[in-house]
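One structure below.
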Amino acid sequence: MKVGIVGASGYSGEVLVKLLLAHPQVTLAAVTSRTHAGKPLAAVIPALRGLDRGLKFVDSDPAALAAGDIGLFFLALPHGAAAVYAKALVAAGKRVIDLSADFRIRDLATYQKYYGEHHAPELISAARFVLPELTAPAWKTEAGLVAAPGCYPTSVLVPLVPLLRAGVIGREHIVVNSCSGVSGAGKKAEEMYLFVERAESIKAYGLTKHRHLAEMEEQLAHFSGAPIAIQFNPHLVPMRRGIATTITVPAAKPSIETLYDAWRTAYAGSPFVQLLPAGETPDTAHVVGTNRVDMSAVLDARTGNFVITSAEDNLMKGASGQAVQIMNLWCGFPETAGLV
Amino acid sequence: MKVGIVGASGYSGEVLVKLLLAHPQVTLAAVTSRTHAGKPLAAVIPALRGLDRGLKFVDSDPAALAAGDIGLFFLALPHGAAAVYAKALVAAGKRVIDLSADFRIRDLATYQKYYGEHHAPELISAARFVLPELTAPAWKTEAGLVAAPGCYPTSVLVPLVPLLRAGVIGREHIVVNSCSGVSGAGKKAEEMYLFVERAESIKAYGLTKHRHLAEMEEQLAHFSGAPIAIQFNPHLVPMRRGIATTITVPAAKPSIETLYDAWRTAYAGSPFVQLLPAGETPDTAHVVGTNRVDMSAVLDARTGNFVITSAEDNLMKGASGQAVQIMNLWCGFPETAGLV
Amino acid sequence: MKVGIVGASGYSGEVLVKLLLAHPQVTLAAVTSRTHAGKPLAAVIPALRGLDRGLKFVDSDPAALAAGDIGLFFLALPHGAAAVYAKALVAAGKRVIDLSADFRIRDLATYQKYYGEHHAPELISAARFVLPELTAPAWKTEAGLVAAPGCYPTSVLVPLVPLLRAGVIGREHIVVNSCSGVSGAGKKAEEMYLFVERAESIKAYGLTKHRHLAEMEEQLAHFSGAPIAIQFNPHLVPMRRGIATTITVPAAKPSIETLYDAWRTAYAGSPFVQLLPAGETPDTAHVVGTNRVDMSAVLDARTGNFVITSAEDNLMKGASGQAVQIMNLWCGFPETAGLV
Amino acid sequence: MKVGIVGASGYSGEVLVKLLLAHPQVTLAAVTSRTHAGKPLAAVIPALRGLDRGLKFVDSDPAALAAGDIGLFFLALPHGAAAVYAKALVAAGKRVIDLSADFRIRDLATYQKYYGEHHAPELISAARFVLPELTAPAWKTEAGLVAAPGCYPTSVLVPLVPLLRAGVIGREHIVVNSCSGVSGAGKKAEEMYLFVERAESIKAYGLTKHRHLAEMEEQLAHFSGAPIAIQFNPHLVPMRRGIATTITVPAAKPSIETLYDAWRTAYAGSPFVQLLPAGETPDTAHVVGTNRVDMSAVLDARTGNFVITSAEDNLMKGASGQAVQIMNLWCGFPETAGLV
């Protein structure tokens, strides 16, 4: 089966190229880039030297891609740009897995508030937000266009959704603190992301207004059946990859066993969710390079809160690994194909 | 004026040596170390090459120190050991500034729960916990023994205490997430603190039971007049120095101006507290090497929470810088002497 | 085909476990560890959570391993210990690939000078030092015991050997400067390797007497047919993995084309050697996680020197990846099996 | 005494501002910046919060600066721009210490080859290249314009010059490998200097043609009395500050004692040169924040080479600290004023 990637010059695009080149069930047939058209993949992604099978970047003309014989496309583009390609490709009957935010938000006004103009609003209702461990399997037959979740939202939704559904936690006073490696900001040549500025430095950013907040709250409401507001405090930390999320939430059922039971029930068959015993905490170093979410929780009898911790690779389970997992499920491949 | 340091082979001890060697009002007359007695300071602290004024580590016999002519001692020892020295030195009429936890906790049972046996419980009531910006100035004449605050507590008490006192924030649902550089763990040759383990890694640790929790809650209660329980979630991040703390707390008076007014009132004359405008967030890289706490806050109208952020150097304002600041005030030197 | 690993608690052992678990042609049937016997692999190597196929560490009794049905063993042990296992396993007809230094040095006196007592000197002459791209293929049938090259030597021999053989470079004034990530020192809980000591720090070490010097000079002499002495200056740099080597050597044939021709001839069919154009320099970040050596050279017309640069992952091409490559060739698998 | 800084938005400018604000003998009266004119220093250099004494950046008009009452200026500008200011300020009788390359190279053709057009060639002959430990003291009365040495050259000239003068080392086959922290590249928002690109990465760059090569060779020739060509191999390593240099050079007098004697003679009264015993190697972590060069050497009896290692802070002894040291000597202040 032939697959293509539209836009692959960023960090998640690079990881996606590697995953698809090594994937046992698919052939990476096209990688597009306006900037790099004509260059061998390895000229732009030196980690692929000797491994790019002679592939070159091609121009990223939506019409040409729509007319070709590639059946499934990954969009690794900035938001805004993705919608344009989705429109052309979906119209041509292609399957599309979008790694941008363009189809993650169902509410158009919310999208516009956080991201500005939407270039294909008519596609929103047909698109499916798919977090493979949580989204009901009907999407596999319904969808032509799948929105892969954002990095922070994955690290929050995986631990929280089963607990909300099972009534183990309350819906108020949910405080999410996340720390992300710098690749989460993308490959932007801005002073803020220079080595000298970020090494030996940690800081909070985007407080009360980070774009992923909209996605998290919409999905928490969707999965749990009622509106929900959370405090989301993201931080940049001096590492390349990885997200560690620490969630404080009042316990509704103050039993750590009940919490773990809810998780075990939800993730019994999920190869990419690993539960650590209460008292151990996940470490981003253990998940970078994998498609896993490691998570654990502890109950604080003094405060009545659960403290829940998760760790993932922002470029894998938080982006490209999850997109490949979605493809695997969509196409009937083993869920872990190309991911272990 | 002659001062001495008891125990200076750890990271905060090294910073303290540097500060006191360069201090305009005092002479560093003795630095003790069981392990290194007889060696030049620079042999153990290579950053001091050419700067150690010929000083050598001396043996750390409490009786000998008590009999000498040094008037003020800093204890840069592990908890437990500090109490032993404090006992001998205070009895001899020396001033003592203890950087350990031994005299930070007023409640003996709490101390024992977190730290084990106390070797000089009879001194606890006379000791003073001094956070210079917050502790009422009477300590300067009352005390013979001062407990310098811990690193995490400083980063939490400085922003929170004026807000609790002014009733700007509530007392429930206070969630503190802190990220510390690895020097916060001390100079311990353990696998967990190896470069390869900690680089490119972030993880939570000590959830619900970190030792500094006891100190923070006791002091928050002390300063605000009523018991208080907080959620304290510390994390290790891959940098050498610095603590960033992010606090989420429901607003009692939901006005960011009111919050900043309370801060401005409390810290009007404080050279080491810097308020950043709402919307800017402090960065540890900007405070490392200084004795400052930088802090800011923002009100989230959606959740009704304030999100408060602070940054400090764990070895300066969080340890040795603050100890020197205490000395300055105690001895009538300018507060900033040797610290800017 | 069943394979086993003796000793897998270090950094290269961990990488080897991952490679063999994912290898398409072999089954990792035993991983031994005195310390960890009885524990699941993932309990010691958390990166393997969900991926360890239920394997547990077993005790590392040489006799028991020799009596079992595993046909090929990797020894990921400290030098000295490896020889003991090699003796028992080779005697039982097992194939052995040793990642330690025990059988890299053919001259016993040299071994003893650098490493101390040898526990199986009688095996040295039958053992084969195999750098797959350079060692003549006869080893595949001759050997029962293969010594995999060291990390620094690989980064030096791959660029230099073809040039010495082709007479492109002189044999005098060869200066090798190498910079290694901290994992090269192994997983040792020593103060020198703490995060706080190594972050933001670079230093030379082991000047004139690093153990790998013996191996490099013996192999350079072996491959080029005459004794050779080099200056080898290793450095520790603040990163986890990777070695960058920069070699200055007077040109015998001062033509960069001649140099590249010698390389192209030597490595025409080598998937793991990548030549970068003169003027580009390899970057460790591009090879970490791969089994490649990237290399390039430039001629300095002013000095008459070639400056040659190489980069590799010390845990892959410098250790475990190369060991798997050796196994692949030995067992008739595709050379890249399990390595791309 | 009033001093000014022209151009202070880069990394060395920031360090220079801090040094001069804290200097006991001078008053920092003006800091110019086209981009930041009108902003408080601390708004651009957040590390100065509370410490900038109300200073604001002013516009950098050469004529206005020349007409003012400031007697000494530091130029912390890119090469090319510095010459323009030097012209105006020297003409007005101001003392000028230039941290750029504009007046480091005495040979105009060499300057042009490496840097392009020179904007004040008529000033070159009157300018003095001053490496305080090596330059004969006559410069203090002769000069109106001083060129402060570059970072790499300082780390090379300090160890080599006394050895060349004393005939301890030969003049051929000098191989210099240097590793620099990323601040050495300046504050440039380019992809190459992003955190994600540089963390966990080391690479050589600028081989055979780095601009500092011209300066080093001209000065080595100047100090030793005959032309000399060296191999200079610079590398970028993942740290913020610091340069470690490792020099391999054939011994002319193969005695380590003779080498150290030459150093001791040359640097007897130099507070900023520290000699480590043969066998110890300097570590950048021990010199960052200081104005020192730490250095040591070892003789390799096998090869007949000395291996010489030095470490410095590229922003201190390699730039701003050295510039302040020059000012101290020029103005008759203690050499270490404001630097320890």
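So that you can tell them apart, the chains are marked A, B, C and D in the order they are listed, and the count of residues begins at 1 in each.
Just so it is clear, a residue touches a chain if its C-beta (ideal position, glycine included) is under 8 Å from a C-beta of that chain, and two chains touch if they have at least 3 such contacts.
Every value quoted in this text rests on a predicted model; they were computed, and no experiment measured them.
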item	value
Touching both chain B and chain C (chains)	A, D
Duplicate of the B-D contact set - from A-C, A-D or B-C, the pair where over half of the pairs recur	A-C
Farthest-lying chain, centroid of Cα atoms versus that of chain B	C
Interface residue identity across copies chain A, chain D - same or different by half	same
Separation of chain A from chain C, taking each centre as the mean of its C-alpha atoms, in whole Å	37
Interchain centroid distance [CA atoms averaged], chain A/chain D, Å	46
Chain C-chain D separation of Cα centroids, rounded to whole Å	39
Multi-partner residues of chain A (each touching 2 or more other chains)	181, 197, 199-200, 238-240, 283, 285
Residues of chain C that touch chain D when the two form their complex	173, 175, 177, 179, 181, 197, 199-205, 207-208, 229-231, 233, 235, 237-242, 244, 246, 248, 250, 281-285, 288, 298-300, 302-303, 305, 307, 309, 311
Interface residues, chain D side, partner chain A - complex	11, 181-183, 187-191, 193-200, 238-240
For the chain D and chain B complex, residues of the former touching the latter	22, 46-47, 49-51, 199-200, 271-272, 274, 283, 285-287, 289-290, 292, 294, 340
